[in-house]
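Below is a structure I'd like to ask you about.
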């Protein structure tokens, strides 16, 4: 068979817009073919990526979370022993509503109370979430039904939101925090479970659709990535969480609490055999791309601090030297 | 590459065989083709078949067995492999070797032994191809000669050729069976693994569906979060709503077009309706989510009803619109196929058109209409996009069309393309859903076929 | 039956016929009509009935008086317009696109071809039975009850039962199907089906019964039964029957009309038509020279 | 034609017929056969031919010798098995699921019912024409040329042209369609279509021509032409024709066989059958007592 | 009718009601048909009103100095080297000269953002085409960036307060300056039809997906049509009526109800993993869709074959054709129109499918236009799906425009089949 001369990338739909932008520039500014990037979701990406070494397997996988231990094991089983992790930046997860409604100011604790499956009642005992209106939680919050459109349980964004926003609020209850030490499983179950009585609505993976639905329903809130807020700032507004507005700068300096890192993973064994991988990595880690004013920021990526960038860039360059 | 050349060679030989066979047949009767059993060209086909068919089998055998033979030969020389090596390990080494063979020695895993194995591999490949070439050529030529030799005045060439075609026809209809086998087998193994983690009874009768909890390994099914009842109930609710739209609208349109409308209206109307079936479902999805759902919500709230912003009603209504043509086009055909004699019978008794349609034509056309509706239901059950966009993914067990529900296909798609984990029941659940859905529709179809057959017996 | 007429037709006499036809393709059908009926003997009176299918003329002005309470049969070679004329008599031609009927057909002093006439009621009054038995895909009971239900002839279930029973009795089907009134009518034998269709037509209590080759799909025994039935019904109904069998016409009818290529060639007492036809064409057809 | 027989059939004689039928529903058909042919006069010889459709028996042992170069006609009431028997003669029944034929049919010393016989060649030798004209939706030329092409009867285009022309000439269609050989055969009139079908059958140069009610869909003029044609073809072909018109049987055939409910009731010279039938049933049918 | 029988009088009385019922029923029919038409109309208007602007693109006129020190610093005029020069710098210089008072770094970035990043590649092509322009000043029309395009098309409201607008006052001012000088123009977006996918909305084109769809449909048609027809012929004409035939029949009906994503799973397991076919390639996609389409075609083809009058078959057999010949010479050509109808419906469905392709890697970013069925490719519905999921606002109109192209493709495909069907239709 003829050797493959085109990079194949799989993985997260969150990283997809950034990876494609890099791939396109890479294709246009070099003699290599533009890589093919499949949007399979982080988990699906690892599944394909870890299937083995060789022509028919992907070279790079994008992920909106770090690789899991089970996935590393699976990789190793299939002979994918060396992989390199590259963190590319941050993604803010925002809660937003239509501009025709009022901007919401909310804390993570309140988010937990609004969206968790079980919440502590006055005595601190866990009960099924009784709150129907925002104002039931706190009179300062608006007086209408809790209705939040967000990604389904199968989505990485949903996991991140649960971990950062819900757990962040959850921890603030001392009783529950204590649970963390005694019964870690229970702790996680309490902090990560999203209510299923209709207040939280699984709305599929299409964030544009959520935004359009918000426009149609001013009382509803949506949970989605920062780039969608950025692009639709004329119609939707991000809620302030813990007093922080979801702004580019606030996410970049880490003061906005709900943001998560994005990654991609490279299969070392393919470097040198599939042409262009190193050059692609170079393009991605170039400041023109992921720098503070790189083109990826236009696409909504929140860049890492300079030192962190330098660290990953060095790692990538080391790959090239090694082969 | 080489195989392409071989293919063309064989095709060329077959072509030559055709002309040889034809010529031989004609000359065997001294040019008076009337004495031949079959037409000269049948003798041509006959020789071509002799030339091509055995070679085709050879090709197939080669494609199945060549990799296995070469693999075992290559691995034979690799010292890293002994009897205890796990099969996963063997496969990995093999893929490494092939990778080296394809991409050269600057690959990371390239140890000298591996490189040698890769060279060996390439060598064997070359030999294999050469063998294939010789064998193919030999088979084709021998076939050609045998076929040619068989030709004589008495050879029933047409019968032989037709036999071959018949086998081909049979093979085509077996593709449907093979597809089914493929589908079942690609679902079955994963589904069995799923049922190893979640008991079948819980899956079939559990009332709660919540794959989110299962993501955390420790709690898997113990909380009963894999009960498929709400999913199938949702599937039925949405399909039912869709049918409530599609059946009356489709059937009435069909009746109007076939019984009342002028041929012109009918000629134009049918293709226009058929466009509805071809519009991509994403479009319907947007339409349902952004136009229909808010409208329903507004109306509902005007009436003081509790309406979820994502309702089964919105998804069902729009899905109903999408499948209108399945009902209308197929019903139109069967209604027109009802013999005129029945209409005449009713008219002659003083029946009006509507009475005739409702009391005579529809009952007579029922089996066909049921067939069309079955196809429409199939489509409704299999639809994904509209539900994802308009009804959401919450697995509520409810019969209230104003609430959000979800369907089996939607869950399958989300589970399969979402963030999955190896071996997690969450991913495997998709396969189980698929398998159960397959069985359900199979039962539905068997029943429908029986019902239709029964009606036929009664009324034809 | 004259055997001399049985020699194969030669080119010459084929041409003869063609000539005759050309002649009779003229504007008005000038058939021989030996029937003279008094005013109140007449049930149906057709006056210059012409039918066109699109551009194609199928009937060229038919004038015909059919007597009350008797059986009139139409005979003639295939395609001569028998069925077409019969269908005019209860406006069944209305259901055919592009079929236009002119002239007058007077039934009980009303011109049934006029636009004002309500075809629904007309057809209830003038029943029709078709060549191929066409029971509805319903139970035997529902088949017969269909008409009465449509027209609301019964006020309650009992009355309806009675109508069904009487109608089935009249066609001699009752004892054959008594136990299976609720089974589908399509499950009956051909002859039974045809009698069922007649019962269905009778159930709305019509005055006239039109039959278009009612026996041509039946075997001899079934045919015999139907013919017997026609004979019994005569008197209470005015019956018009189309048949391709001269034997049948001779057996069941009192008046016979012979059609040829859209014209009424000859009309008279059945016996007279069959024994001493006036027109050459009638003679030719009867004696088997053509047809 | 005896007018006394024309009285409507009564219940009594319907029962009579039923009795007769029961009698003849026995195992073997013991018809009257007045035809005695010498060995080389016979073209087709049927011996104890029985046909079943699934479980239903349609023919109960038919024995019949048909003479070479003459026209044999089958008559009888509807459903008596005429078509079924005719279709046995060129194995057309093979195409019907569940139809089983036993017995022997000897044509030119070969039993054509045996498995060894190549039906394709057989049907080329024994042509068939159907009740409804069924030209292929192709050009007139292709219709006629279809058979010769199938069997490779022409080595080149000229020869094929010739075959087509001769066949069309034989059925008297050539001068009518000469200029539009490439127009579709379905555009012809009914009579022309039927002649086209005959031409198509003749084109493969068969020895026997089977015709199943070839004129029943045609008007009198077209019928006359076909009958004339049959008369001309006789001699070069052995012709078997099914007809429901006794007049036609009388006009075109030399031998007539009368079938009734799956039995051959009577077989003889046409003239004899029509003037002095031996069997009661034949007499009843001929004189119009039933059918 | 002078003397009505008593029973008839009753009937007469009911007549009015029955006539009313008749009228009502007819109105229901008209209503149903009208409703269905209305749905078609509504869907079309919503798509077209959203999408027609996608066929236009804003261009901005700039005076660009083809500075030799940028384009060809070492003066070698070597195309291989000039290939990678920084042409965007030329655009930036041109903008800087046009708006000299922009000095702030942030503002400069905004200013450069007016122009699409494709401008540099356009300039590169110009230079490589004709190196003699190096050193001259060229007046060129370059593509505006997606945000400016949205502004010019009026999607962004200029009157809104700046903070709630995705575009700043400065940017609006610059665009208005350019507009005043007639340096802004909306043109037909040929690029949309000649380019592959891109992350920049203004550069994104449909050609890759269009060709991908065409190739995929070709594979689908080439497989499902003959297979379907042959299977139908076997089942309708040759198969003995036994258990096996029943099994096949149930199977085929059931396959029609299998969710399309399951066909994707099948394709992944069989075609990719077992047969080793390339990922993301139209061959594999076409094969998966062919399996999905097969039941529809078989069902339609069987119905079409069934409706051919048996007299044709009899005629052929009567002159000595074998059954096989009769079927292939007569039945099949006559059934073809009906078979085509089934093919139209089946192919229409296949054309709109996304879910099964997800499993075999066709839901992907692929910038290159495929040229063979073995090249990686996406298809139109996938492109629609991907664009619909992109954050950039300009992709909204692109999505609708892509849907319009998809519908155009569908209607063309159907029209071709309908024409063919008309041609094959024969009356008898």
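Every chain is named by a letter (A, B, C, D and E) in the order it is written, and numbering of its residues begins at 1.
As a working rule, contacts are C-beta pairs under 8 Å (C-beta built on N, C-alpha and C of every residue); 3 or more make two chains touch, one makes a residue touch a chain.
Bear in mind that the values here come from a model prediction, so they are computed numbers and not experimental data.
Common neighbours of chain A and chain C (chains touching each): B, E.
Looking at the partners of chain B and chain D together, the chains they share are C, E.
When chain centres are defined as mean Cα coordinates, A lies farthest from chain C.
Among the chains present, the centre nearest to the common Cα mean is that of B. Ranked by the number of C-beta pairs in contact, the top chain pair here is B-E.
Here the CA centre of chain C is 31 Å from the CA centre of chain D. Work out the mean CA point of chain B and of chain C, and you get 56 Å between them.
Chain A and chain B, compared by their mean Cα positions, are separated by 35 Å.
The mean-CA centres of chain C and chain E are about 61 angstrom from one another, to the nearest whole unit. Annotation for chain D: residues touching 2 or more other chains are 120-121, 150-151. Annotation for chain E: residues touching 2 or more other chains are 11, 18, 322, 358, 388. Shown for chain B are the residues in touch with two or more other chains, namely 158, 286, 350, 352, 355, 416-417.
Each chain pair that touches appears in this list: A-B, A-E, B-C, B-D, B-E, C-D, C-E, D-E. Here chain D touches chain C in the complex through residues 1, 3, 6-11, 13-14, 17-18, 21, 77-79, 216-221, 223-225, 227-228, 230-231, 245-248, 250-252, 261, 270-271, 274-275, 286-291, going by the rule given at the top.
Across the complex, chain C meets chain E through its residues 107-110, 118, 120-121, 124-125, 150-153, 205, 207. Remark: chain C residues 90, 92, 95, 119-124, 127-128, 130, 132, 134-138, 146-147, 150-151, 184, 186-187, 197, 200-201, 204 touch chain B in the complex. Considering their complex, residues 11, 18-19, 21-22, 24-26, 28-33, 35-37, 39-40, 42-43, 46-47, 226-228, 230-231, 233-235, 238-239, 247-263, 265-266, 268-270, 291, 294-295, 298-299, 303, 322, 324, 344-345, 348-349, 351-352, 354-355, 358-359, 380-381, 384-385, 388, 403, 406-407, 410-411, 414, 418 of chain E touch chain B. Interface residues of chain B facing chain D in the complex, by the touch rule stated above, are 31-34, 36-40, 156, 158.
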